[in-house]
Amino acid sequence: MTEPIVHPGVVHPHVKVRRATKSSWGGLAVVIPVLVILAAGPYIIDRGMQQSLVTLFTLIVLGTMWNLLAGYGGMVSIGQQAYIGIGAYGLVYIADVIGLDPFLAVPVAVVVAGILSLPISFLAFRLSGGYFAIGTWVIAEVLKLITTQIPALGGGSGISLTAFSDFSPGRRIAYVYWLSLAAVVIAVAVTYWIMRSRLGLGFTAIRDDAVAAASLGVRVTRSKRFVFVIAAMGSALAGGMIAANTLRVTPDSVYSVSYSAFMIFIVVIGGIGTIEGPIVGAIVFFGLQQWLSDLGSWYLIIIGVLAIVITLFLPKGLWGLISGNGRIRLFPVGYRLESPLERFSLAAKAAAPKE
Amino acid sequence: MQWLNAVIQGVLLGGLYALLAAGLSLMFGVMRIVNLAHGVLAIVAAYIGLVFVENVGISPFLAIVLVVPIMALVGYLLQWGLLNRAISKGGLAPLLVTFGLAVVLTQLLQERFTADTQAIQIGALGTDSITISDNISIGLFPLMTFVVGVLVIAALQLFISKAPLGRAMRATSDDVDTVMLMGIDNRQVYALSTALALATVGLAGMFIGMRTQFSPTFGDAMLIFAFEAVIIGGLGSLWGTLAGGMVLGIAQTIGAQVNPSYGVLFGHLVFLAILAFRPTGLLPKAVTA
Amino acid sequence: MSLLEVRDLDVHYGDFQAIYSLDVSLAEGETLAVIGANGAGKSTLMKAIAGLLRPSKGDIQFDGRSVVGTPAFKRVPLGIALTPEGRKIFRSLSVEENLLVGAHTKRKGPWNLKSVYEAFPLVADRKDRLGVNLSGGEQQAAAIGRALMSNPRLLLLDEVSLGLAPVVVEQIYAALPAITSQGTTVLVVEQDVNQSMRVADRIQCLLEGRTVLEGVPFDLSRDQIAAAYFGI
């Protein structure tokens, strides 16, 4: 019978489980004003810049979705362009042919993409790893080839989006801008919500050890399928944004595997497995694209080499570097143990927050 | 009769696909890597061959003799320099690195050679054919390609089964930790496997370049066809890859017979059908390690 | 002159320490049995000697030179061969192919396909069977044969009896004299105390990563060993 060791002056240290950290409250203090300023965009910046920002927002949405699939779900896809295509063509078809208001057509196209991705997932999940990746690409190619055969959608030469012709260009661009900003907020919020939930905790477990996770009751396949569908819907949302921004869709442009390349580079450079990573990556990628645009295809070569180097030497990406490997978290998805004794313990301060 | 002709063309095309896919299958078998740069590496070989033929002025077949060892060396260095590091990083690293490599190589080719299509000229050999009957003729070059494809698959299979290095590759594939207890450096085994894989890729790339017009982005389709051949045939079996290649080839030629723009789509649909109804493929390996 | 000299060894698995300041010494030609319960650190010791684990402290000297920095695959040509815990026979290779892989380093010595088949008739009978189709005892015999094919100076046998019927274990240990008579030094790790007492020149008992008993089987009583084994 040994007596428990008691610290003088403290009888029962209360240990709290906290989700947020100081930095995440600080992050909120930064993010909200930024969103407000961005929302005022159409009143402050010119149309060309608005359209540029829409491109940036599209990249953020795509990066966030790819990170959801790969960084959290462990599934590398090079076929998300399938759903970008469904979103883009969906918007055109539903708004122009069926005649629904274009701002309603986007959510409908997103839902259609989600529904289609369900049977696709059953096929795709028969493969894993690198073969799963190529399989998703084949599915995208099939959708592209089928779309090319449909005359109502313009066949191989594509089709223009006319549903916005009632609006003046300034109005249209502003509305598309707000739609895209809303898309970013929704995409990031949905991802944040998923990762904060039990599903997110399950994914962390699956990432560490899928078999152990399954034995604890984590529904591995069902979780992956859920994420697959969400990512499809998010990609379709991006497709809608692209169509609304450029007003023209062709099979080659919208089903292009280049989008997958962009998504992968964005997430790898920004930092895989965190919510902040794809946002940082999209900004960097967008910046590099603008800055190096004179160099033609050299910009893609530089970004590709950067991605390879980061994968091998800086696996947590730029956000990992900035955040000191998880010490700063704008979007707190983990759990922290906090005990009042921590204040007195230098060792506890130095330790990284536990996930 | 035209359908029979299409089937024959498909079988011969399958030989090329099998030759193309062999390296992909080998790398996955030994080190569980799906090399996403596989397709573009075949095109790299074709361009190297093109440079030898057009700038140096040698015959395409002599160019093959040069390209194959060059690609083997490229594979060896690639594995030691890049891929071994990616494997030890683990997780998604190998996929991400080979993907990045594929994009970088495609863009480099585009910078150097532009997006124009080119072909390695083989003169009359490209159109010579053997006439079997009124409606059926077999192209000489496709037949040659088919024979080479079958021979390479057979040679690889023999090597894997009988040669000491082949045995070491199979042992490494089964259990990489234990193979170190045999005095075998698994990184060296990986490098030699990749060298062998890229040698076959080099051969395939040359035959592709001699058969058809190609451009830097051709690698995308090559990766997809190689992948489909492997999956249709069944993972882990080289003869399966041959069978898969032929099934894919036949699907594509019959599709093209129905409508010239349906060829590739038919191939995809057959692939998806196999995935849906017989996911292990036609001739999967009996023992999975 | 000791062939193997382990000094002050610490081995960690992440934050968990499995071995504490361990000393082990083996003279050439000797057979040492390291015994202990589960988690005593026996297999950890074997893996460190073979090079699969890197110690966090201490030295391992083989034939007078330190091998701590030498990767596992380079220790085999020096003359160290491990029959790993769990046998680890290559599943898709036949028995004979397993043996041939074991001979990869081509060290000179008495062991080749013929002599291994003579020492282990069980293995000879199954030589064309695939690894995945072997019984536990057949796998164990094949694994030992495979290790012998590299003609080691030091043979490490890790948990040979694990999961096998006593009759089978006896058959396998019956081949040990054929091995030691060639002058091979053997380090056996065992949970089966009786078996190890029968074959070893010396015994070392580990408990939670430390040596708790050492001696010659003749001098040690059953009670002494039981006490050390269970830490009573």
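Here the chain labels run A, B and C in written order, and each chain numbers its own residues starting at 1.
Rule of thumb we're sticking to: contacts are C-beta pairs under 8 Å (C-beta built on N, C-alpha and C of every residue); 3 or more make two chains touch, one makes a residue touch a chain.
What you see is a predicted model, and the numbers here were worked out from it, not measured in a lab.
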Touch graph of the chains shown: is it line, ring, star, complete or other? line
Measuring between Cα centroids, what's the chain most distant from chain B? C
Would you kindly tell me how far, in whole Å, the mean C-alpha position of chain B lies from that of chain A? 34
Determine the centre-to-centre distance between chain A and chain C, using the mean Cα coordinates as centres, and give it in whole Å. 52
I'd like the Å distance between the centres of chain B and chain C, where a centre is the mean of that chain's Cα atoms. 44
Two or more other chains touching the same residue: where does that happen in chain B? none
Counting only contacts in the complex, chain A reaches chain B at residues 70, 74, 76, 78, 123, 126-127, 129-131, 133-135, 137-139, 141-142, 145-146, 148-149, 257, 261, 264-265, 268, 272, 296-298, 300-301, 304-305, 307-308, 311-312, 315
If you look only at chain B, which of its residues touch chain C in the complex? 164, 167-168, 170-171, 173-175, 177-186, 287, 289
Give every residue of chain C touching chain B within the complex, in rising order. 50-52, 71-74, 76-77, 81-82, 84, 88, 90-93, 97-98, 100-102, 104-105, 130-132, 146-147, 150
Chain A touches which residues of chain B in the complex? 28, 32-36, 82, 85-86, 89, 92-101, 103-104, 107-108, 110-111, 220, 223-224, 227-228, 230-231, 261, 264-265, 268-269, 271-272, 275-276, 279
